[in-house]
Each structure stands twice: as structure tokens, then as C-alpha cells.
Amino acid sequence: MPAKHLNVALLGTKFMGKAHSHAWSSAAKFFDLPGDPVLKVAVGRDKPSLDEFATRWGWEETATDWQHIVTRPDIDIVDIATPTALHCEMAIAAAEAGKQIFCEKPLALDLAQAERMAAAVNAAGVTSYLNHNYRRVPAVAFAKHLIDTGRLGRIFHWRGAYLQSWIIDPTFPLTWHLQAEHAGAGPLWDLGSHSVDLARYLVGEIASVQAVTKTFIEERPLPGADAGTFKSGGGNAAARGKVTVEDAAIMAVTFANGAIGSFESTRFATGRKNANLFEVYGEKGAVAFDLERLNELEFLDATLPSSEQGFRTVLVTEAEHPYLSAWWPPGHVIGYEHTFTHAVADFVKAVCGGSPIHPSIPDGVATMRVLDAAKQSAATGTRVACCGPA
Amino acid sequence: MPAKHLNVALLGTKFMGKAHSHAWSSAAKFFDLPGDPVLKVAVGRDKPSLDEFATRWGWEETATDWQHIVTRPDIDIVDIATPTALHCEMAIAAAEAGKQIFCEKPLALDLAQAERMAAAVNAAGVTSYLNHNYRRVPAVAFAKHLIDTGRLGRIFHWRGAYLQSWIIDPTFPLTWHLQAEHAGAGPLWDLGSHSVDLARYLVGEIASVQAVTKTFIEERPLPGADAGTFKSGGGNAAARGKVTVEDAAIMAVTFANGAIGSFESTRFATGRKNANLFEVYGEKGAVAFDLERLNELEFLDATLPSSEQGFRTVLVTEAEHPYLSAWWPPGHVIGYEHTFTHAVADFVKAVCGGSPIHPSIPDGVATMRVLDAAKQSAATGTRVACCGPA
Amino acid sequence: MPAKHLNVALLGTKFMGKAHSHAWSSAAKFFDLPGDPVLKVAVGRDKPSLDEFATRWGWEETATDWQHIVTRPDIDIVDIATPTALHCEMAIAAAEAGKQIFCEKPLALDLAQAERMAAAVNAAGVTSYLNHNYRRVPAVAFAKHLIDTGRLGRIFHWRGAYLQSWIIDPTFPLTWHLQAEHAGAGPLWDLGSHSVDLARYLVGEIASVQAVTKTFIEERPLPGADAGTFKSGGGNAAARGKVTVEDAAIMAVTFANGAIGSFESTRFATGRKNANLFEVYGEKGAVAFDLERLNELEFLDATLPSSEQGFRTVLVTEAEHPYLSAWWPPGHVIGYEHTFTHAVADFVKAVCGGSPIHPSIPDGVATMRVLDAAKQSAATGTRVACCGPA
Amino acid sequence: MPAKHLNVALLGTKFMGKAHSHAWSSAAKFFDLPGDPVLKVAVGRDKPSLDEFATRWGWEETATDWQHIVTRPDIDIVDIATPTALHCEMAIAAAEAGKQIFCEKPLALDLAQAERMAAAVNAAGVTSYLNHNYRRVPAVAFAKHLIDTGRLGRIFHWRGAYLQSWIIDPTFPLTWHLQAEHAGAGPLWDLGSHSVDLARYLVGEIASVQAVTKTFIEERPLPGADAGTFKSGGGNAAARGKVTVEDAAIMAVTFANGAIGSFESTRFATGRKNANLFEVYGEKGAVAFDLERLNELEFLDATLPSSEQGFRTVLVTEAEHPYLSAWWPPGHVIGYEHTFTHAVADFVKAVCGGSPIHPSIPDGVATMRVLDAAKQSAATGTRVACCGPA
């Protein structure tokens, strides 16, 4: 029985466009899926580079007018892989056109946008997926399994940190990531959204937030002609502009279930490249994770005799582990992009089965409420309550 | 030239009394000191166990009346190794008697006590040392050296955590550590004071604090007859009392120099025994430390070519490293108690040289101000300014 | 300018067939290649599963008669991904037909076969590549760069080990891997060939070998009907057969350049899944690697001040690192299968450029001489000289 | 009841004299012992430095004539902490005088000496202890406990290595360690004896050995006036002498119980300071140890579900762990010198109880047979059988 064809339109062809293209083209090779994604149209702004991209990745068509594509009847899935500022308009248009939505994070520029997106998705009844892809790291999914089966018992602590270091050089130019009107916020949105999503996935809803934010370098050279290059020294040294997002944020939170937690999101953690870290401590056990060693989960079983306890490094590559039976034998590790393939596989199953997938765009609203509360707390110095799930 | 004899009176003969006794008796063996500590009098309350203790450790005399001993003319040094609630009275009496003071941490039950102690010490002009012994872990002292010589450049982040797990069992009894009138506070005082002391040592003064605290287990069995035993299930199950200190605390702070920082102090981090952790990220480098691997310092030099950067595990056992020339050849690691020996050695030098030693009791006031601000912030939910150095 | 099409015939459609298929289909997406691999024909024995495989991976045709395909004029590249026992005949046929050869390891059942293969390849003048894919782990290629640029200086020690644990269960059946006529040898061939290839790549030619081998479980149940399943307990418990290969091997060697080295290859290292480990110690530095953490290279620079030395964990994901600019931003790790993509990319460049690629089949002969010497030494107990490069 | 006094005579006052002195003076403080070691006489050659040493460490008397002291009626215990070349004569004299013997390793210059020492000890019926102190690292003793209680099951592999790096600099002078007549051998004796002792303790007797040895730097400057300094560049550059011991050795062995093993002993492992490493792999579990992190034991329990297996880092500081109840609370780590204190405590118990202690001098003969076989194998290239226990 041939699988149902699902025509995908991809909006955005940079870093995320590449990662998504690979996922759409490889998911059905490694996973048995009820639907067969077809790389139908790639949408970008610069025609020559768009065509090169489409040829390389096998997109059948290209277009520069996303509004037209999003409403095209033959398109089943709209994949939003553009900069944050465009997400809201695109997602609402896609929802209103009845398309299934695969959306990159962070969800939106602000909470108001996020709520409008969720309303549109809910009204349209379409499947939406917000790509906090780290839920689908096998080690993270295995941590979830351990928690859900009671192996940690009552949870006391979440310790989350997402540490990067790519803009420490003061000559790094003022790219869109550093401007509030294009990015919404700095690492709080970009990195903190991942951490909060993971905390909500593994621990539960966050009840209150206190936060500090800091911009270490307040002015930077404007980007040069090639505004897209993420290169230090690449800017126009003479012309400078103001950084309007935070460089780093720290949050101290309470969870609805009585746990407490900390979050740290920064682009100034010298030497840390993509260290999405978390630890969860519970009455019966604990887990620890580091995205830079994503094939491993540290697990401590506190029900063992005390003389035998210790954090054990579980190499999460056994066939019994989540997603792993699709890949290679035990000990043969996977990488970053595999999480996108997992997301596509799960999304296709959800779309074909009419079942929900998480995190959805409405889930993203709950995350955004926490981040918005952090912004408020940083500004006012007071503890801010969050509203829980959307 | 025989070294000057320094007669020591030790107040307190439990865990800290043992650690201090070993330090007083070993410091002059490993280090060349200008003074020779004499283990003169050990002061305790229970005569039989006190005598056994004194015999074992070589204290010449014993006494049960500390007030008398503290004023005895032949005593040069008063070593306060009692529970927190006794520190204030003892330190003031010792200062007023003109004795040099070696005092265990946490400094006092509250900020008011701490300030009175500092005033007494300052008025008397005696040398005081507050035993935040982890400044004298060679790896920590080496981190200080790297920072002081500019190897980290401008500092952006402090990430501190002191994680233990010894009271997770709800049958663990209500010892004095869990009662505010005896302990002042929970891990905020006990563990957080160490972390804040290290942050002040390595990064600088803290300007503001936001904090969350939590008591996970609000009632516990009263201790049994042997109230001293730290054993789960050892209490009187029928009689229960209220825990009046926090079980865990999280702080988000700003430093006076523009850095930001996080602190976590908890007795509920399952599987962590004595994990006094910190990371410091600066413009030119970063360091990371874990007390459970106290012979190692992780150091990243961000001035190297990016392809060669990485956190390197420096085994801090070279003769060039702080304190190490007194011990063993490279690669022969030292342990927890060595930090006490280092403290005694430095204290003896300070006493004999008339030079100050840090942290002093006045330094402890500055630390206490931060912790007190954390308590306030946790209660009110607002950011609280600290006053900087005492 | 459209790239030249290169028609590939794949022989073998199991584990390696899957890994190779993914590499052939993804290499030109991530790398700019002078040739465009076309997945032309997949060759297998079982028609139904072969067809399913070809559909999934995009092979245009299928065939069950490899001899016919290997000589087909439109085939440019023959990819040998079958069990070891078939390599010799296939490679010779492919060479004689003038095809470029991409061959899985271990090279052959024995040294005599290997030499015949090399002779055929040399006579035909075709490009051959032997897939010791771990040379193309970026961290390994970076280690090679460090060594080649003198960062380790004179090399003293190679410490290699390839540790697995998949046949410890005595109910694991007597698959072909455990029978000399099908596999040639046990881990010495399967794992040791990788280690020796890496040692020759990084250190140089091996001059002499002393070895111990051991078969821990000498008899096993015959495989059941589904002989292909690698499952413990899956065999026919009643019928048992003799294991005719070693379960583990240890080698102590001398290198032609004066270094000495150790190798350990085993399927009985409980808990190690795919631990291909090596350490290289030189006068000026050292490196250490573990395939289970393949994105990391441990590097020690012994020219730094001794107080600052330490093994640093270089996350080999910078754009400056080998192969990485084709993938993701720093800190976004890659996995096992990426090494196959790298191999295909380099192979395509070699084929199109007429340049050699290493390791070639003749390189494999040199490796096989070392392994053959190990077998002899294990049998006789004496040191056996190797002949160096083929 | 006062403990029996045991008068100790210490022969040798350098590195080991210091470590032993500390152990003799601290053991009865931390452990409840049936005998009370008295630091009676320290014996050395240089009177001024000897007196300084004795004063510092509390030895009651000094002497330069060891023969006289060894036979003195009031001496109970003779502690041999001199260079290797003196061990044989001293141990035999002590045994003949009926003294209990605490002897540093390596045992002797060669197997013949070792056998004479064992014969003397056996004839005299005295208690002898050979100070392979690493058996008394708590983590190692805990590994022994796991093995003895069947947690590893049948053992397949021993992987041992003792890696140092202190003589890589070619200007390091020709100290006695590098001369066969003074040291017997190089790292094979010095480091390999520790590894073989541990392997015999944890796995069992060694049946056969194959070995490679290598001297990387064959000539070195003669030591300067201060021959004792272990400093590069400290020698007399003009005068040079021949290194007559190996710089490194690799052994491949079989055990009597069917396991196989590897050993590597070297002073040329750049960056490794005191890395005494071992791994033991068994049917039901595995352990791994590194002396540079001596408070930790890596333990894998292969009887757990495969998805939950992993090497766990057990921090061996619980009161239930060997020796730890004498020290500090969980998580408060110990160091190198504590192993000497453990050895003294166990030795005093053995002496007072009339029970044996291991390793004894006769145990050392068995170890020496293995090392002697390695020397032979390295010279001849052939496998050499060992005789098992003395």
C-alpha cells in the first residue's frame, strides 16, 4: 500500500531551511511512515540562491511569494523556517488556509503574537507543531520515560542552562538576532524557549518567575553589505547601532507542582558552543543531560544501596531507546540533525493519524508566558506569576 | 631558631573539631611556619567523650567551661568549631580577651550577630579568620591566580551551585540544622555562604539579589535520645516538629562590576554528596570547578585559535600550584582535610606576621548581607540591593 | 556546469548497504562535489526485501546477479558492502572490469586474498577505497592535522583499543561472524583492522607484533531459521557448533619509527558498545579519542607552562575543523553515519580528479600483514616481524 | 585499656620517609587500633637533614647506622623506605632479628633477591607487608568487594596502565631510577609492580607474559652535585651516561583463570602524571579506576535492563565503603597519603592479631616473577610462562 503523498512548502532556506530539507527527505527512509513527504515548493527571496538550494535539496519548485504558496490547494504542509518576525503572519495565513503547520522556534516576537497564532490554529483545527526539536533527542525522550514511569519520584529541582558564546567578540556585527524588532528578545527567546519547553515537558508548568537580564555589549558595528554573515569583524566598523536585546538572562522559578528551578540563557559563556544542559533531581533518582553529548543520559537511581549509587552514563543508542531502532546498532551515535528527522516522522504520523503532537503552537504560548514573565521580572525586579498552560 | 609557640583553645569537638585538630597538628609538619601551634585545651560539654577526643588528638588539657578558657592568659588562639548559634558570643568574648580568632562558618545566626562580631574584632584589633576553607583548595586558589593575572579578562558570568542530598529521606530527624533558632537558616547559610564567599573572592561584590527558597519537607520526626545522630529513621516517629529553615534556595544576582550570576544551594539534589560547583566565564577565558574532584580545575583559554580551544582538565598537583610544594609529587592528589591545613598554615603566618588574612570575620559580614538579602527577596519577591563590603 | 553523473552499483543491502545508501544520497547535498553519484543498481539475494530496500533508498534498479552488474558498461562505481568472504572475488571482478571500487572492511578473509585484490587493483589502475571510515571522523582527521603539523613532536606511544560487548551472552548464536570460513577472524579482523588502520594513519608502519588471542565461549547454538538475527536466545538451542574465531585479542607492537604500541580488540568488554579508543603520546603533546564521543578530541599541549597543562576537550565542530563547514554551526554535533558521507565525498573527488584516496585496497594489505602477524604470534608465542607498506 | 606500644624504626627519610611518617603518626588518630605506633628512630645518612626530618615528624631519635637499629631489642617494627637496592639486605636483617616488616615497593632489584627476602621472612615467621598501597584506595577495595561478591561474574579482561611523564625532557638527569644497578628496572619495576599487584588482587594469578620494552632516550646528563633533585636541566650537561633501564613496557598476558590482560607502564605518557588505570570486564559487570580520581569507581552492572546500563561514577566516600568511616562525611574526598594511613592501620592490626596481611613480601615474589618474565619476553620475543604464587 503506497503511503499518502504529503506536499510540503518550505518557507525559509537558510540554516533551518537546510536542516528541515534534510529531515523531509530522510524521514521516510529511516522510519516507516503513513505519509510520504514530497518536497514540493521552496520559498525564498533571492531567486538565484533559492534555485541553487532547491536543486541541491530536491525541491520540485521554487517561489518568492509565500502568500500565494500558502494558499495553494495542492500544499498539505507549511513549514515555517524563517526568522522569528515572520512567523506570526505566516502561521495565521497557513492556518486560515487549512494547512498543517510545522513551525520553527522561537514562536513569535511576543506573547500577543503567540496568542493570535494559537487562536488561528485552534480555530482552524489544523495540526501544528512547534519545533523544539530537543524533546526528540533520544536521551531526552528517555529521560521523559524515566520520569513518567516514576523512576525519579517527586521532583524537587530543575537546573537548566543553555550556554553559547558566539557574540562575545565586540566586533561581531549587529545582526537581526540582536535587534528587538526582528528577534523579539535575545537568548531568552532563542535559547530560553528551548529550556522552558524542556522543563515543561519533564517537570511541569511554571508558576512564577524572577529574572535578571543583562546586555554586556550595548553597541555594535552595523552589518556590512553581506548582512547575513555571522562573522566577527565583518561589519562596518564606522557605523554602529544599539543592541536592543539582552545578551544573557537568569531565571529563578517555582513550578506548580512544588518543585523549584533555575534557568540560564546566554551567548556569553566563553567556550560553550551549544551547551543545552539540564538536571532534574527527584526523590528516587536524578538525570542530567548536555546537548554537546546528546547520545548520553546521566541517570542516578537513588533506590539502589547507597554504596552503589552514582550517576551512570547511559549511551542512549540501544534499540529499546526512543527512535533508535530506526538508525544504527548500539554504540553508533547520532547527531544534531537527527532530531529534525524525528520531528518530521512524528509530525507525519500526527498529520496522518489526526492525533495531536507536542509541543504545538498552543504549547508554545505557555512557554512564551513564562519568558514574557521573565522579561517583566527583569524590568521590575519583582516576582511574576505565570498562568500555566494556554 | 625555634618557632614561637602558639597555644590554641579549641571550642567544639564534633566533625569540625576533628578536622581542626588534624589541621593544627599537621600544618607545621608540611609547611615551614613562623609559629608552632600547640594543642593546648579542647573544650566540650560531655566530659567522657571530650577526654577521649583530647587523648586521640593530643590536646594537652580539656575543659567544659569555654568562658574561662577564652580569657586564660596563656591562650593565643581561640578556634570556634561549635554550632552556629554559639559563634557570636564566643567570638565577641575572644576578641574582647584579645585572642586571635579562627572561626568556623557560617558566621552567625543572622546579619545583626555578624555585625556585632565584626565590630568586636575590629575594636580589639585581633586577627580573625572565617573558615571558608574552599578558598584554599589549590585549584580554587589557582583559579584566583588566573583571574588576577587577567587570563579571563572581563567577567560576564558566575554560575555557582552547592548541591547535597543528605536530608531527602522524610524520616531524617529534625536536627538542629533544620531549626532556625539553632542554624539561622538552611543551605542558604550552610552552603550558600561558601558559594557567596567564593564568588566574592573570584568575581567581586554582589550588588543585588533575587531569590526563591523552598522547604520540601515541612515536618520531621523529632530526634531520638541520641539527638546527634544524623541517621534517617533515627528519630522519634511519633513526635514530630516543624522544619523552620529552607531546604533549598536559588539566587539570581548582579555584581557591582557588571557580571551577573546564579547560585543554587540545596540539600535535595539527589545523588550529589558535596558538589560545590562553580563556573566563571570571562572575555578571554573560563574556569569550572567541582569540589568532588577538588584536584582538578577546568580552564579554557579563549585566546587560542578557535579550532584548538576546549576546557582542559588541569590536575592541580604541580609544585608551581598553590600549596602543592608542601605535599607530594605531581599527580599525587590531596583531599578535603588538606584545605584546613592550608587555612591553619596561612592563619599562623598572618598571626605571626601581623598581616590580615581573608576571609576575615568582617569579610563574613559582606557575605551575610548577600544571604540576608536573599532571604528578604525570597519572602517579598522583590530584588534586594546589597551594600557591598562591610 | 552540471556535475558528471557517476553510476553506482551497490553489492549488499544489510547494515552496510543502508549506511552506504544514505551516504551516496546525501554526499552531494552537503558537499560541493565534482561528480554526482547516481544510485543505479542495488544488488542482493532476496528479491522481495531487495525491492523494498531499493524503493526506500531510491535505487533505480535491482539485481540478484552481481557478476553481470559489475561488468555493465554504464556502471562507474562498484560499492562492495557484502560479508567479508565475498570481497575478494567481487573486488577482482570489478577491477578487471575497470570499475572504481568502494569496498567495506575488513578487506578479506586472509592476507593471500588481500594481496590478490591489491594486485588486481594495481593492474587495472582503478581507484580503490577501503572503508576504514573512522579516518574521516573530523576529530580523527584533526588529530592527524595536529600530528602532521608537529604539535605532538616525536611519538612515543600508541594505545589503541576497540571494545564491544555484543556476544557475551552464551546463547548468542553462531552467526557467520563467529566462523573463520566466513569472517576470516574475529575482532582482530573486524575491530583490529580499524585500529591498525588508524595507527598506521597517525603514527606510521608497524614493525613487529606480539599477540594473545582468546575464545571465551567455544561453542554456541546454531542460528535458527532466521540466521540473520543478531539476537541472544534466537538460536537453535539443541544444535550447537564450534566458534572458530577469537573473541578477543591483545597486541604489543613496535613501530618502524621507534614508537611502541598496544592494541586490544574484543567483543567481551562488558558495557562498551562501540568504544574505538586511542591515545597518542608525543614529545610535545598528546591526543585521546573515543568513538562513542566522536565529536570530541582530547588534546594536551606539552609546550604550555606545566601549571596550565591538561587534556582539553576540543569539540570538533568548528568550521575550521575537517569536514565541518559542510554541516551545522559550532556545537551542533554529528553522528556515526556522517563518516560515510565524508568517505563518499572524498571518494567522488578522487575518482573525478584521478587522485588517490587512502586507505586504498593496497593500504589494506599493509594492515592485513599486521593482523596476520598477530595471528601467527598468538599461535606461536613469538614476536613476528611485519613488512611495512605493501 | 591502653593500646600496646609498637616501636617503629624508619629506614629512609626522603619522599617515602615523609609519607610513612605521616601514616605512622596519623593512623591511631583516625582508626581504633589495637597497637599504638611510636615513632622511635629515624635512620638516614645525612645527619643535619635527618635531624631536621626527625624534629618535624616527631621521631624520638635518629641514627645513621641501620644495622644497629634493626637489631635493637626495643624496636618492634622495621619500616624500609629506602631506594630499592637496599631493600634486600635490610629486610633479611630485619627478619633475622625477628622484627615485623613494613617494606616499600618495588620489592627488590631482581627475582633472586626477592626470593631470598621471602625465604628469610618465612623462616623467621614475622609479619611482612609490601607497600602496594593502592590496594587500600577505598575505591579499589570496593572493586575487590564487588568482584568477591560475584557482581562481575566470570572475568574476561584486565586492562591496566600506569602512565607517567616525568622524564620526557632529555635534559632530565641520569638519576638512580634510570640505572639498572640501583633500580633493577624502569617503570616495569616501579609502576608495573603496582599494576601486577592490583591485577593479582582483583583477577588472579598470571600464567604467561609477552612483552615489549623500549628506552626512548638512551643517554642523559649525569646528575649535578645535588644528585637528588628531580629537575630537568639540573644535570651536568657535559658529562653524560647511559640509561640502563627501559622507559616504557607493554605486556600482553594470560591469567590462570582464563582471562587475558594488558599492561602498560611508562614514564613517557605526555600529560599523565600518576595515571594508574585499570578496567576489569566480567560476565555480569565491569569496573574502571583512575588513581588521579581516586575517590571514584566506575561500575557497570550488566544485570540491569540494557536500556538502563551505563558506567556509573560511584563516589567512594560513604561510611559503608572500605576505610571511609574513619574519615569525613560523604562527598568529602580523601587523597593519596590516606592509602598509607590505611596500610599502617591494617598492618598494626595484623601485627597485634598475629594475622597475615597482603600483599606480603612472599606475595611480592609472585609479582616479581611476572615482571621478570616480562623482561625475558622483551629480550627474546617469546611468550614466557610464570609460576603463579610463590
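Here the chain labels run A, B, C and D in written order, and each chain numbers its own residues starting at 1.
To be clear about the criterion, a residue touches a chain if its C-beta (ideal position, glycine included) is under 8 Å from a C-beta of that chain, and two chains touch if they have at least 3 such contacts.
Only a predicted model underlies this, so the values are computations on that prediction, with no experimental measurement involved.
Looking at chain C and chain D, the chains that touch each of them are A, B. Set side by side, A-D and A-B show the greater C-beta contact count at A-B.
Taking the mean Cα position of each chain as its centre, B sits at the greatest distance from chain C.
Centroids built from CA atoms put chain C at 35 Å from chain A. Taking each chain's centre as the mean of its C-alpha atoms, chain A lies 54 Å from chain D. Here the CA centre of chain A is 41 Å from the CA centre of chain B.
Annotation for chain A: residues 272, 300, 309-311, 315 touch two or more other chains. Note for the complex: chain B touches chain A at residues 152, 156-157, 159, 161, 165, 168, 208, 210-212, 214, 216, 248, 250-254, 258, 260-262, 264, 266, 268-272, 279, 281-286, 300, 302, 309-311, 377, 381-383.
Residue ranges of chain D in contact with chain B, taken from their complex: 15, 19, 22, 26, 28-29, 56-57, 164, 166, 230, 272-275, 291-295, 315, 317, 327-338. Note for the complex: chain D touches chain A at residues 142, 299-301, 305-315, 318, 320-321.
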